[in-house]
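Look for subunit A in each of the two complexes below; its partner is subunit B in the first and subunit C in the second.
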Partner chain A sequence: MPTVHAESVPRVRGVSRRQFLRVTGAGATGLGAVLASGRAPAIAQTRELTFLTIASFVPDTDKELKRQFEEWGAKNKVKVRLDIIAHLQLQTKKAAEVQARSGHDLTALGPGLGDADLYYDYLADLNDIAGDVAPKNGGWLSPNDYLIRGKWKLLPWWQPPFPMAVRTDLLEQLGEKSPDTWEDWLRIGKKGKAIGHPFGTAMGHSGDANVTLLSILWSYGGSYVAKDGNRITINSKETRQAMEFVKRLYTEAMDPEVLAWDDSSNNRCLNAGKCIAIHNPISAYESAKKDKVLVPGTQKEIAEVIDHIHTPRGPVDRKATTGFWCVGVWNFSKNIDLAKDFLRYHFQPENQNKWVEAGHGFNMPFLQNLTKHAVYKSDKQYRFIPEVAKVTVPPSWPGPTSAASQQVWDLYIVPDMFAQHATGKMTADQAIAWAEKEMQEIYAGRKKRP
Partner chain B sequence: MQVFGGDVAKLGEAPEEARRRGLFDALAGDTPVAYALVAPAFFLLLFLVAYPFVLSLWFSLSDARVGDTGTFVGLENFRRLLGSGIFLQTLQNSIVFTAAALSLKTVFGMALALLLFRIVRFKKIIRGAVLLPFIVPTALSTLVWWWMFEPLYSVVNWTLKSLHVVQRDIPWLPDPYLAMFTVVLVNTWRGLPFFAITILAGLVAIPREMYEAAECDGARAAGRFWYITVPLLKPVLAVVILFSAIFTLADFNIVYILTKGGPINMTHLFATYSFVLGLQSGQIGQGAAVSLFLFPILLVVVFFQLQMVRRATTYE
Partner chain C sequence: MSSGRGFWPSVRPAFTLYLPVTPFVFFALFPLYFMLVTSLKKNAELYDVNAAPFLIRKGVTFGHYALLSTDTLFWTWFVNSLLVSVGATVISVVIGVLAAYPLARLRFPGATSFGVAIFITYLVPPSLLFLPLASVVNRLGLSDSLWALVVTYPTFLVPFCTWLLMGYFRTVPKEIEECAMLDGCNRVQTLWRILLPVAVPGVICAGLFAFTLSWNEFLYALVFVSPAELKTMTVGVFSELIRGDIYYWGGLMAGACIGSLPIVIAYVFFLDYYVTGLTAGAVK
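So, the complex of A and B:
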């Protein structure tokens, strides 16, 4: 009798043989699946999202980002880790993560949009996020500039626009009012240098040198690559004019030390009370205000005599560039959906507002509504920042951003071209020919493979 | 009985013990032990030296980019480098930098070694202190040098101006030639202890009788140095110069921190230019080609230098 037989089967602590086999069989199958997949079962997994970014020149920006990241993590029960490194370390870190196909889920990219081309095959498509973010924030500033090979491989994140940071007391002393052109700054720099307060812009191997010298090149009507992204256009009469101007600026209005300046040297020059003006974001002013730096020999705070005005215009145009800092998601990440979810959260208007406020406007997003953020009206120092953002273009302008344009930036071809002529090492024609050859070689080398 | 019994037991176990002894003998033989002892070093060299070297050789002959091992392109990377003005400048810089730094280190290293050899009081403390530049992490010590020479607040300039030695700031880093001088100076400062201590070891090993005999023959200090010290130090000098040449040629930290290869690429060395091309721009193939450009020449130099060391040792 089956029932009798079943009852007569010995049971161990209330578990029948059938139950035992069912449970152990399922366990073995599960274990096999876990071992085969190499991943812990969902219930045992601790979801962790990691983010690699760079230390901001305004540290409160990083604090706010961390707060948002942790808040999002708590809401979604995800462990989060934000790693902040110096911006100069980012290049090697990115390369190492791509080479190893392992590392963080989210990563800062830049400076410049070139990373999208350089790491095209390793970045997740962000078309959906870019589409979601834009309407909520009044649209992207120049969406066509951010599309790489027709795709959103990164989201442009923030830019520090480059106005002119000037010493109002020295301008007054020299009888100068409302300077607006590069020629004005040559004249003022010359007068300033005569009284020990030269003009200051980096001309060596630094990002700031790339920014300012490209701005001057465009302002004189020059460029280095055509809109098609193929033809090198550096050899032009406009470039010659820009070079002659920079030579005068270097010899008549600046000290030779600018050839060895790094990205923080101009900040120090202004805050030390030496430079009459520098072409730089508001970071110098922010640190002067925070540290209560005094004008040498006085008890007056230097922040009180600093003002920020529009980036200068040249005979042809008014243009500037800057470090285009971006954010992307590695496609080898196991948490692409989580990473995208955090990006959606971070790019919500209220979070962007708080983040820009924390950065005192240094970190301007590439979103229409954020360029009108209240912070830019909170202090007269910031009044020109949105104006500068309007004339800010990617460093490869008018050509598209590519790995080749990024290499032109990384090798400091433009600053070296200007410096070779300014220092008298080469004639203008020789320096242009040198730069043209280097650029052609870089662009040709990048074309050889799809 | 016990003895007998014991013997019987031994006889019974003989074949097994013989087998065991045979195995022991085999394991204790020279060849397997030698292999076993050499194996860790061999595998270390294989994975930490040979593998990276072969990989970089492959990279230099390929169009590898970050994240992509690339395809074979032969000597294309080297051909492209020879067409680049920045690379030719880098080549020139590397040769000047290495030659200047090596010459300074040899001359001052020898002088310092002779000085250390003569110092008797606080010998251990002084010899230990001399090693400090070599021990402190290069990145850290170079940052201090940068602070001393940086364009705005150079403490060197401040001191020189305060002492009325100069009227205006000396452009240590902005001037292309002074920048090269500065990086050579810092490299010399860092490498000097290696030269001094190694040469000192060579000096200690020279028999005193030779100097006494020379003195008896009326040889003066310069003569004793030139005809005894220098010839007997030749093997040590050759090895120390060889090692230092390789390290100096591959220097990265000093230039990267002080000048980033500027101004106008006048201080770029193979390592810094390779870093920009390979890691910043993602052109790993090109970066590897820069690094390996001088490898064939170095190989020849190393071969002849080692030949010289061998001859000198035989003579000694």
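So, the complex of A and C:
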């Protein structure tokens, strides 16, 4: 009887039993590994980069950002997703993503640079990107302001500078020309209020209130924290002078409703034909132009009688602040390199140019060359925006940005201090003492972020 | 004399019923009225601080509704809200029934404490829960899907449904269940065939409440879902129509008006059940 060798065992369709076992065994092991890891194997993974940002008041800005994101994705064979939310929702969304250590790869941060300190442990270092971007765009406006604990934890992205939006027809009616100081605006507001057109600036819990009242504080020589970032300096004669001025502005030139205003209220007041002037970015003008809002009782468009002039100066200085909107990359992102690559792409001069143009100049980057963008010469309304940007400083000025300074902003300590005195609830000394105590507790770390 | 006696009974309800109720009806309907009026006003009138806020003087526009339909994904958000609300409601009512029955009927150690504990969980605010839940949702791999909401909404719906149904089940006489058991039904059959048919008003009431709470929910929908096409109506409208310091009030109110309709329709159809379900536990 002939010996039967293994090699002579008939094969089924050319596959031996050993080969079958080897292949199926490897397959099962691989499948098990994939299931255990919860991730698809690299060959099957579609690279996806996600970006969370806030809705710009100029929708074309978001469209241009989306276009650039998709263009970059197509070039690099990366699936991209841009998610847009209202700015008021950003705090909640950031907190949840950090808690879950999961979410978007790129995220908008702000308003304010303080997110870099608050989320320091969760943000990827962007030193390399900041270094790449600056020379191509003429350099950063104030690079030292953006370094947090000596590192670039975010890139300052855009700011809406705060000029004065004024009604030229009413100024003419009152015989006023070229107002330039806060005292000028007190005088004009007083005259305007007498004819039913008061001055308008928020004094409640809103970003606009923080911006304008800090601007006034600095313009009178005051500040709330020293350059060292430790010493609280709110208790000063300069602060008292600023508070006395704001009390007069509130009682003589404004309506009490400003205490309840949110960020949209001053826009509405100007576009309704009521306010003679507001301290605000160009958003009110842009929406009046888009909606063709008329001056009450006339057929004239209100946009035609609005002008934007320099943020006022005070007895000591001319300073302003604004929402510093930034962009960062979470360090728990699985796509840090891709995210950085997109930032490099977005911050290329040609892309920044297109993006600023789409935003009609509302979104001014913190880059030297972009402050000279042609859009600011395209409409006389925008002529002062680069000038305002030059005197715009972070809200903690002259102190550094920190989690504490962000908390002073978020808790509206400065607006509350001014409002308590302006409404007569506290004397200037009492209001300052209250604010000083709050700030000292915040800077000492005894108060937790809300 | 007779005509006088006939007149008074006919007009009495106007003074004893309709007149006293009028302020309450006005108070309840005013927000809806204001939403509707605002959604139909032109932007120029909305900006006018001297215009009468409660009347339309410068013509009606449907532009805000058109903007919702053409410039946003409103109807996608509407469907998402509907899917999530129906899914979460069904799950919550089923779990609520299964939890409420033993707590209302069975005697076991700690039954009362369990009932109180369930109610206390309802009192924990979502603004505290969303952070730990974000981690849970992420670990389950449900982020950025409607399932994230269908799974998390029952965290606040189930305690409420359970508590409401416990009260309702206790109003149903035990004797009818005992008769069924004598006839051979087990616990599950008793619940299914005897108790639930009797407790329909309570179940509908719980369902209505659960649907309303899901439909109006904002925080979890904001945190757990990001893609525009997966947003619910509450978040989508807010995201698209508040741009920086510009609020599209007409569009926001148009969205609110349309968003109110499913709730209004549901309550109109089930109002009797709703009232019965709510008041059943009040009188024993």
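Keep this in mind: the second predicted complex is superposed on the first by the 407 of 450 C-alpha atoms of A that agree within 3 Å, B and C clash if a C-alpha of one lies under 4 Å from a C-alpha of the other, contacts with A are read in each partner's own complex, and residues count from 1 in each chain.
Following the convention adopted for this analysis, contacts are C-beta pairs under 8 Å (C-beta built on N, C-alpha and C of every residue); 3 or more make two chains touch, one makes a residue touch a chain.
Quick caveat, the model's predicted, so the values are computed rather than measured.
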- request: Would you check which partner chain A:Thr92 touches, where first means subunit B only, second means subunit C only, and both and neither mean what they say?
  value: both
Field: First (subunit B), second (subunit C), both or neither touched by A:Asn351
entry: neither
Message: Applying the document's definition of touch, where does A:Thr201 land relative to subunit B and subunit C: first, second, both, or neither?
response: neither
Message: For A:Ser402, using the defined touch cut-off, is the partner it touches subunit B, subunit C, both, or neither? Pick first, second, both or neither.
response: neither
- request: Would you check which partner chain A:Thr212 touches, where first means subunit B only, second means subunit C only, and both and neither mean what they say?
  value: neither
- request: Using the superposition on chain A described above, determine whether A:Lys274 touches subunit B (first), subunit C (second), both, or neither.
  value: both
Field: Partner chain in contact with A:Gln381 - subunit B first, subunit C second, else both or neither
entry: neither
Message: If we overlay the two complexes on their shared chain A, which of subunit B and subunit C does A:Gln68 touch? Say first, second, both or neither.
response: neither
- prompt: Which partner does A:Gly103 reach: the first (subunit B), the second (subunit C), both, or neither?
  reply: second
- request: Touching subunit B in one complex and subunit C in the other: list those residues of subunit A.
  value: 92, 95, 99, 101, 268-269, 272, 274
Message: So in the complex, the part of subunit C that touches subunit A is made up of which residues?
response: 43-44, 47-50, 130-132, 134-135, 137-138, 141, 143, 219, 222-224, 226-228, 235, 238-240, 242-247
Task: Over in the complex, which subunit A residues touch subunit C? Could you list them?
output: 38, 50, 52, 54-59, 81, 83-89, 92-93, 95-97, 99-104, 160, 208, 263-264, 266-269, 271-274, 280-281, 283-284, 287, 291-294, 296
Message: Residue numbers of subunit B touching subunit A in their complex, please.
response: 63, 66-68, 80, 83-86, 150-153, 169, 171, 173-176, 179, 259-265, 276-277, 279-283, 286
Statement: subunit A residues touching subunit B in their complex are 91-92, 95, 98-99, 101, 118-119, 121-122, 203-206, 255-262, 265, 268-269, 272, 274, 403, 406-407, 410-412, 416, 419-420, 423, 425, 434, 437-438, 441, 445, 448-449
